Each structure stands twice: as C-alpha cells, then as structure tokens.
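What follows is a group of structures, each given as structure tokens.
Consider the two complexes below, in which chain A is the common component and chain B and chain C are the respective partners.
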Partner chain A sequence: MNLTLKIWRQKDSQAKGQMVDYKVTEISEHMSFLEMMDVLNEQLVNSGEEPVAFDHDCREGICGMCSMYINGEAHGPDRGITTCQLHMRMFNDGDTITIEPFRAAAFPVIKDLVVDRMSFERIQQAGGYISVNTSGNTQDANSIPISKHAADEAMDAATCIGCGACVASCKNSSAMLFVGAKVSQYALLPQGQVEAADRVKNMVAQMDLEGFGNCTNTGACEVECPKGISLENIARMNREYLSTTLKG
Partner chain B sequence: MSGILNSSIGRKFAMALSALFLMIFILQHFVINMLSVLSPDTFNEVSHFMGTFWVIQYLMQPVLIFGVIFHFVMGFVLEIKNKKANGVKYVKNNGAANSTWMSRNMIWSGGFILVFLVIHFIDFWIPEINTKYIVGDMSGMHDGEFRYFHELQEKFVPIWRVALYCVGFVFLALHLLHGFGSAFQSTGVNNKYTKGLQGFGKAYAILIPLGFIFIALFHHFTH
Partner chain C sequence: MALDSKVPKGPIKDKWTDYKNKIDLVNPANKRHIDVIVVGTGLAGGSAAATLAELGYNVKAFAYQDSPRRAHSIAAQGGINAAKNYQGDGDSTYRLFYDTVKGGDYRSREANVYRLAEVSANIIDQCVAQGVPFARDYGGLLDNRSFGGVLVSRTFYAKGQTGQQLLLGAYSAMNRQIARGKIEMFNRHEMLDVVIVDGKARGIIARNLITGEIERHSAHAVVVGSGGYGNVYFLSTNAMGSNATAAWKIHKKGAYFANPCYTQIHPTCIPRSGDYQSKLTLMSESLRNDGRIWVPKNMEDVMAIREGRKQPTDLSEDERDYYLERRYPAFGNLVPRDVASRAAKERCDAGYGVNATGEAVYLDFASAFDRYGREQAKIHNIKNPTAEKIYELGQAIVEAKYGNLFQMYEKIVDQNPYKTPMMIYPAVHYTMGGVWVDYNLMTTIPGCYCIGEANFSDHGANRLGASALMQGLADGYFVLPYTIGDYLSDDIRTGKIPTDSKEFDAAEKEVTERINFFVNNKGTKSVDYFHKKLGKVMWDKAGMSRNAEGLTEAMAEIKAIREEFWKEVSVPGTAAEMNPELEKAGRVADFLELGELFAKDALVRAESCGGHFREESAELDGPQKGEAKRNDTDFAFVSAWEYKGEPADAVLHKEELEFKDIELKQRSYK
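And then the complex of A and B:
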C-alpha cells in the first residue's frame, strides 16, 4: 500500500517542532508499524535526510518503549497493543497517517517522536518497591499464603509496562492509571503492607511534583492501555491514599 | 490530613464529596418541586417551612452555597491545572475513540450550569431573600394566601424562560451522566456494586433533569 505520513519533526528538546509530510510506497499489510517506520527511515537515509527518531526496543509488546500517537490515539487504532504490535493491515491504501509524540508537560520531547519518560522512573523510585532481606536467608515467597483472587489482581496490576499511553491519552495528562497499578500490585500482597502507607503517599507526591494532571475519570487510559490495566487500580490507590492521609 | 487539598487525589476527593452533596440537594429540590405538580397546597406549606425554618435558612443554606461555590471554583482550578499539565496540543486527537463526550466536556457542561444557576438565582433566590430579609416579610403570604405556588407559576409563563430552563436541565443531565459515577470512583468506590451504581447513576442523571423539564412545561401549559 502507498501512504502519506504526517510526522512531527523536532530537532532537539529546545527546537520548535512541526509536522512534515512523507510518502512511503509498497508497504506490506503484514508489516508492523515500526517496520513501516524503518522503511521510511531507510528511504530518508538513502536520500541523505535525517531519519525520524522514535523509541523502540523489544518489538514484542513487553518493554513499553515504543510510543507514538497515531491518528489521534496512543499506539494507534487498535486495542490492547503497543505500537510494535500494530500492523499495517489496520490501514488502507492511500491513507494519510498522523504520527506525533506522546504529549504531556511531564513527557518532554527529546527529538522527533522520542519523549523523556523518566518521570515514571522517579515515581517508581519514590516508593514502587518492597524492601526484602537478600542476605541469604530470604523467606520463600511460596510460604506466605495469598488468596488466588489477590494474587490474580496483583499480577494484573503488575503487567503495566510503564509505556505512558495512559498519560498520552488522558485529556488531563494524568498518570493515575500508571501509579494506581504500581501502588496496587504491592497493596494487594502481604509483602507490600510494611511500606504501604509511605509508598502511596510518596508516589502520589512525586506524581504531583512531576506535573501530571488531575484524573477526571474519563476512562481513556483504560481503553488505550496495551495491558488492559483497569480503573479499579485508580480507585484502590484513592482508597489507600485517603485512608493513609486521613489517619495522619 | 494537613494539606490534603494540595494533592491531586485530595482535590479529586473534595470535588467528589461536594458533587455527592449537590446531588443529594438536587434530589431534595426535585421532590419539593414535584409537589407543585401533585399538590399546590403541600408545595406551599413545604416551601414556607424550607424558607423560614432556622436550621435550613441559617445552617444548611450557607453550607449549600459554600458547596456550590466550592464545586465550581475547584472545577475551574482543576481545569487550569490540567491544561498546564498538557504541554503541546496534539495536531490530531481522537478523544471519541476512548471516552464519552460528557467526560471530556465537564468544564463546558458545568460552565453552562453555572450560567443557568446565575439566572435561576436572579429569578427565584434573590427575590426570596429580598422579601424575607430586606423587606422583612416572613409571612410567606400575599393577598391572604401563600405566595409560593403562585410565584412559581408566574415565572414559567414566558416561553423563553421555559426554554432556557430546559436547556439548563439538558446540560445538568450531560454533567450528571459522567459526574455521578466519577464521584464514586474518586472516593475510591469501585467494587461489586459499581455496575449497579453506574446504572442507578444513569437513571438519576436522565430522570431528575427530565422531571425538572416536565415541571417547567407543566406550569407553562397549565397556568
């Protein structure tokens, strides 16, 4: 198929970006979206132009690196996938595809379609962990009884890959689905209880400090999340935070 | 507890609490207004009670006014903060693909409700305050009979006002269609009852404004 691509080009974090049009031809419908971007970049390199910078790593939907806002949606017009899992069969011959970086004040553009998502790392560092004695006498995790229901829910929350699609899709640029998932995965398990109060307080404080917006429960994040993280995680974080804060 | 309003979750919680309070008030307002259709005499008596009982006038009315102002001010504060969090706007954004129009436009439906509320205050609340606390007439009577039902009917004679109120109630319905469920989510309520609660919320959001529209039309056509 032959396509017109409208791509955000921005030289560096300080430069003023703009949309630039490109044509790509003979794109196979079996290609992934990133492979189509590879074709474009090969074309640009061959003609002596600067290739389009975009994030990618595993190309298996696990690492959370590939971002891109495609035709007005994070990871494009399909559900439960990352951009590397988006196939060109979702588009038609002759289509014009708009490709932009994830937008949020807390996700500044580094170059073209690459954004700095270190704010997520700093939120994780603020409390997204448990302290475990690893001196050689670590307790076997299987010796701690955990209900199947709690284990399943914690695992669901833990599947968040921190890609940032939730923030990019949110009209408020809120990171609450991400933080809700990270808080939940520990809050549901006994190992997470010791630091539960500090965790939610510190992670929410860091989230606010990074400049993410306030959630208004539109649910866009849940729909666009490649891992199907549920809004229940936001409600759980709200409960954890409110009970911790109101207790003092 | 200190500084809870400085956190994003605290602000959501406060917004949700004021919303739940206002939804209870709207239900109460609706029930009393329905009395004007079912029994004008009862409507007069209840209106007189609500307008003169000191607990309602001096305790609950200021709380209500605070609740209304808080909800609007916090709504605008959140909107400004969220706009700041957005950064550069998308060239193409397909919001309809993942969220409802109502959820994305709460600031607009809320803004129209604010305009409607100003008109509503000018129509009913300010004349009431003037009669009771400036003129000093607490009797609730006019020409030997209760004035409330008569005044209500008079207000809904002009068709432009009826139309304005109907539009206001449509925006109220749009606001509630997202706001009801959102308020519970913000307070952390998301459990096995959520689905039922969402259904109840949708019924509330449609039936209450529809009821208000019916009352306005009823008085216009039966006067």
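And then the complex of A and C:
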C-alpha cells in the first residue's frame, strides 16, 4: 500500500516543531508499524536527510520504550498493544497517518517523537520499592503464604510497562493509572504493608510536583493502556491515600 | 599472559563458603571513599548496582535506554530456575549443578556452575521479599513449572513475564539507592571505551545520547553487564539496541573474549515474513510441552500449501511427518533446543518448509485440544461428547496455559492458532560466549569485571531454559559484591581517580575521532545495509550448522564487508545531538569485528558441542548416525582470544576444563 505520513519533527527540546508530510510506497500489510517507519528512515538516509527519531527497543510490547500518538490515539488504533505491536494491516492503501509524540507537560519532547519520561522515574524513586536489603539473608520464600487471588491481582497491577500512554490519552495528563498500578502491587502483598502509608503519600506528592494533572474519571487511560491496567488500581490508591490522611 | 581461573582449592561443595570466609573485606566507613561504575542495568547490572550501593560504595550506573527498567532482561518470558526442592521431587544443589553442566555439553567451568546452583535458592527468597509477584498455588505457596532437558520442576515464574517482574524487582532496589544518592543513574548514556591507568580499569568514556556530549567518568573498578551479542546476526530475539560495544571495547583494551562461537538458536520463534523484517519474536519453549512439530511428507502437499491450494488441516495423519517423534522417539518434541533447531533446518533445507520463504515448520496443538478435551469431558461427566464439544473443552485448557502467547502470535501473523497450526522457525536467541572471567568474575584487565550474559562463565556450549535469569541475578546480588570487595580492599587509600590524566585524554580522543569520522564520512550506504549483509553471512555460514569451508569464506567475506563499511557508510546528522544512526554505526562497526572472530573461533573448534555443530564432527554410523559428536580429547577447553589488531590475528589461549565431580558422557536423546 501507499501512504501519506504526517510526522512531528522537532530538532531538539528548544526548537519549535512542526508537522511534515512524507510518502511511503509498497508497504506490506504484514509489516509492523515500526518496520514501516524503518522503511521511511532508510529512504531518508539514502537521500541524505535526517531520519525521524523515535524510541523503541524490544519490539515485542514489554520494554515500554515505544511511544507514538497515531491518528489521535496513544499506540494507535488497535487495542491492548503497544506501538511496536501495531501492524500495517490496520490501515488501508491511500491512508494519511498522523504521528505525534506522547504529549504532556511532564513529558517534554527531546527530539521528533522522543519524549523525556524522567518524571516517571522520580515518582518510582519516591517510594516504588520495599526497603529490604539485597543481602540474601531474608527469610525463606515460602514462609509467608499469599493467597493465589492476591498474588494474581498484584501481578496484574505489576505488568505496567511504564510507557506513559495513560498520561498521553488523558485530557488532564494525569498519571494516576501508572502510580496506582505500583501502589496496588505492593498494597496487595504482605511484604508491601509495612511501608504502605509512606509509600502512597510520597509517590502521590512526587506525582503532583511533576505537574501531572488531576484524575476526573474519564477512563481514557484504561482504554488506551496496552497492558489492561484497570481503573480499580486508581480506586485502590485513593483508598490507601485516604486511610493514611485519616490516620494523620 | 597465562590464564588463571583462580578457582579456590578444596572440595566443590566448600569452595565458595571457604572463599567467602577468607577474602579481604572493606570496612563500611572506607566504602564511602570507593567508586564503582556499573555499565548496564539488566538483571546482572541492576542487581549489582543496587547491592554495591547498599553495601556503601558510590555507584555510577549506565544504560542506553531511558530507564533501567527497560533493559533487555525485561523480555524474558518463561522463568527462573532455583534448587528449592519445594515440589519434593528430589531436586538439590548437586542436581541443578549436574543438569547445567550436562546441558552445556561439558564445556563450562565446574566450580562456577556449582556456586551458581548453591546461591540459586537465595535468589527466590530475595525476590519474594522485594515484592516480586511469582505465581502461587491455591495453598498460597510458590508454584513451579518444568523446562526442557531436566527431570524436576524447579522453574519459578510470573505468568509469561518472569523477566519483567525480576527486573522490576532489581529496579525497585536501585530506585531505593538512587533516592538515597548512593547510585547516580546515567540513563540514555552509552559507554564507548574503558580507561586503563597503571594497568587497572579506572573509568569509562561515555556519550550522552541526548546531547551528544562525550563524558569522562572515573572509578576504582568497572563492572560490565551489557548483555549478549546475538544481534551480530542482525535478526534475533534480542532487543533492537542490544549490542556488543561495551564488551568489545574492553576486549580491545586487554580483556580476553571467550568462546564467541557458542550461540543458542531457539527452535520456536515466529518465522521471518519478508526482507523488511527488523527482529524475530520468541514463542516460549513451554509450547513444546503440548505442541507437535511436523511438515508434510509429500512434496506435492508442500507446494499445494505454499500456493494456497491446500490448508495444513486438510492433510491426514499419514500425510504428515512428525520428524522429531520419528528421529528421537525417547524425547520426541522435547529434545533440547539445539537438536530441535537443527532438525527443523534439515527438513527445510530438504525443501519441506511450509511458508513462502521455505523456512517454517508447523507446531500443532490439535492433539492437545483433543487430549485435554476428552479429559475434561470425563471430569465433567459429559457422555458421548461431540467433536466440537471436545475441541471447545480442550481449547479452554490450552488457552489458560498459553493464552498470551496465542494472542501474541495472532497479532503478528494474523492467523488464529486455535484453528490452524502455528508456523515456527529457529532464531538466534542467546550467546553463551562472552568476555572471559575468572572465578571472581574479573576479566584479564585488573579491576574490570564482567557479569550476566556478557560474560562466558556458566553455560558452556548450550544454556538450559530459565538459567540466564538465574545467572544474572546470582552474579549481581550474591557473587560480585563479595569478590569485588577483595579487590577493592587495596584501594581504601587511593582517593578519587582524577579524570584529567593523559589516559583519559587519549581514550576520549579515540572516541571523538571515531564519531567524527562517522558523521563526516558521507558515504553511500546506510548502517542497516551493512548490518543486514553481515547478518546474512553469519546466518548462512556460522549459523545452525557450520563447516570449515563456509567458516573460512565467512571470515573473508566479513572482512570485506568491514572494509566497505569504513569506506561507504553514511551517517546523517551531527555528533552534537540525539542521533540514532550514529549510535547504530558504532555498534555495527564492533559487530563487524566480533563476527570475524566468531567465525575464526568456530573454525578452530573442529568438534560439535552444544549449539556449535560442525558438519565434519558427526557420528558416521550406528543408532546415533548424523548426530553431533563431541571430542573431549582435543577440545575440552575454553577458547580465550587475545586482541591483536585484526580479528584474524587474535591469539588463542586455552583454559583446560577439568571435570572432577561429573563424568563426561555423550548426550543422547534417541
């Protein structure tokens, strides 16, 4: 198929960016979206132009690097997948595809489609851990049984890949789904209980400091999340937060 | 320099304990004056950085991604081994040790493998304490699954995302130390050289991938945990950015490179669909528990399927060749990875491949649907179930076990594997070879360590499933933190290492010149052009099956591609900005050297062992006819290569392997 691409080009964080049109031809429907971008970039390199910078690494939906806003949707038109798992069979010959970076005040553009997600790092550093030394002198792994249900629910929350699609899809640029997922994972496990109150307080404080917006329950994040992280995690974080503030 | 593996004396069971009791320690107050650089934040580097920081050292950690959480370890699916014996099926430290040495086809160092088995149980305790949500049974205890090549159930897992959960555990431990200021994290930074002062590794040169700035970082020791070099083949299951640069740079500065030809080619990956293909996707080994592998018996059917005149489901049982079951009745579809891969290649080379490229075989779940369906019908007391009902019940069981893999397959291939067999083909997956290290995980450069997939240490010529995650975390959490202390105890009075020395000047100059060359060269061909060309030579001549003639040609061809690369490569943009093409150029330049050494190593090793199959070294007759033949008389050694300029001139040093605790046997899966 032949396609027209409208891509956000921005030289660096200081530059003013703009949409630029490109044409690609003979794209196979079996290609992944990023392979289509490879074709475009090869074309640009061969004509001496600068290729489009975009983040990617694993190309199998798990590292969370890839982050394109395609035709107005984070990770594009398919559901339950990341940009790198999107295939060209979702598009038709002659289509025009708009490709932008994930946009949010807390995700400044570095270049073209690459954004800076260090705000996510700082939130994790504020409390996304259990304070246990890696000495190997911990107790036996089976000494505290954990119900299968709680372990499975913790696992579901823990599958967040930190991509930021939730933020990019939210009209308020809220990071509640991302933060809620981490808070929930630990809240559901006995090992996480000890520091639960401090954790939720510190992570939420950092989130506010980074300039992420408030949650107004539109649910857009859940729809676009490639890993199916559910809104239930936001509710759980709110309960955790409330109980710490009530306790003072 | 003679190779000294520094394996402690004494019985194998006591070596590690005795060693730990006798080494020098650094007292906590002095650790504050010691800096350590860790390159890589995968399971190996991440766990090492967190532990060293916790002990009190000042750690600087580097990764080329924008977060430690995105290291390639995140993609591991199946699980992690540990000798916990929770299932009471007779597992023990010795058995895990034995399985690993045998699985590696007797080409690994016994003492290292024993230590790995010994610390494996601690890893699970540690991870659970960190909040890693491993799978559990209904009683709330940890669940296990089994993996290829072993007789016990010792694999711990977190759905199909074990690597992700373990890495997020190490990442959380790092975050705690970053928050305390004990780890300084350098994301989007690439190490481009090591700096050696007075014979010791004392720092690195790194490029800030956002601004393009070249930076000097000093430390008392340098740890490299930069992962494997599978991308030398261009197509592999590795992440796009996985590279050999850090490992190759230390090799060029004096670290020997061991067994480069030991590569694991995984039998169950989604086949290539066209020339635009950028990477290959693994379908977990666990699928072989329930899937049967076949190709059509008759060439007419192969043609009919390729041309779309027939569907695989149209073929009757007699028209199918279940070649693994035919050739290996004892192990059938569960033969080890190397054997399964070669058998698929044999059928496809003979012309029986089932897709347009001729490089695919079927992995069929129909009999699993039937078997599980009948069993379920019994359990639910359904009399005379229809074929549809049986299928429906069986499908539900298969879905519960492998649902996420089936979905991943459908998203990529656009075929429903519940209705038609999957197509699979072998792909490059893991590299057992790597930087040579002694028992302390130190390379032949004093003060420079290498951990995780980047080193050669524990898997011999073939790695068993679920053992790489175990090794990465063992190295980082439990081995390196001890061994490095012994070395650093001499450095308590050294003071900060200055970065304004002539050694740093020289290293920085070299790095800058190379970068300037790339951006100014203005050649005619893209970096990928060369990478693909290299990959094709590697796959055709140093892939699943190798011979002297092909390897000799490969060495010459790679050299020629390298020469063309340095003339014709084109890198747009400048050095002083984010420039992904420039990053790729540096990595491919290193692969172009490594590839030639790889072929040379494969040429020298004129035996078949593990993943390395030399056509000249096969059984000529008897029941094992055509199978790999190891040669312990001439090749029971580790090849450690010393850099001498051109890869073809590298000098071989041999570390002889002694097997005192295990008897050497030929593997048989018939």
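By definition in this document, the second predicted complex is superposed on the first by the 247 of 248 C-alpha atoms of A that agree within 3 Å, B and C clash if a C-alpha of one lies under 4 Å from a C-alpha of the other, contacts with A are read in each partner's own complex, and residues count from 1 in each chain.
Assume a contact is a pair of C-beta atoms (placed from the backbone, for glycine too) under 8 Å apart; a residue touches a chain by one contact, two chains touch by 3 or more.
No experiment lies behind these values; they were computed from the predicted model shown.
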Touching partner for A:68 - first (chain B), second (chain C), both, neither: neither
Check whether A:111 is in contact with chain B, with chain C, with both or with neither, and answer first, second, both or neither. second
If you stack the two complexes on chain A, which partner ends up touching A:3: first (chain B), second (chain C), both, or neither? neither
After superposition on the shared chain, which partner residues are touched by A:241: those of chain B (first), chain C (second), both, or neither? first
I'd like to know which partner A:186 touches here: chain B for first, chain C for second, both or neither. second
Taking the superposition as given, does A:55 touch the first partner, chain B, the second, chain C, both, or neither? second
Please name the chain, chain B or chain C, that touches the greater number of residues in chain A. C
Dual-contact residues of chain A (chain B, chain C) none
Can you tell me which positions in chain A touch chain B when the two form their complex? 6, 8, 17, 19, 69, 71-73, 77, 98, 100, 103-109, 169, 171-174, 176, 204-205, 207-208, 211-220, 223-224, 231-232, 234-239, 241-242, 245-246, 248
Residues of chain A touching chain C in the complex: 11-12, 28, 30-32, 34-35, 38-39, 42, 44-46, 48-51, 53, 55-65, 78, 81, 85, 87, 89, 110-111, 114, 116-118, 120-121, 124-126, 128-136, 138-142, 145-148, 151-152, 154-155, 158-159, 161-162, 185-186, 189, 191-192
Mind pulling up the chain C residues that touch chain A in the complex? 47, 50-51, 54, 65-67, 69-70, 72, 74-75, 84, 86, 119, 122, 124-131, 133-142, 158-159, 161, 164-165, 168, 171-173, 175-176, 178-179, 185, 187, 210, 239-241, 273-274, 276-279, 281, 408, 411-412, 414, 477-478, 526, 528, 570, 572-573, 577-578, 580-581
Looking at the complex, which residues from chain B come into contact with chain A? 1, 4, 6-13, 78, 81-82, 84-95, 97-100, 103-104, 106, 178, 181-182, 185-190
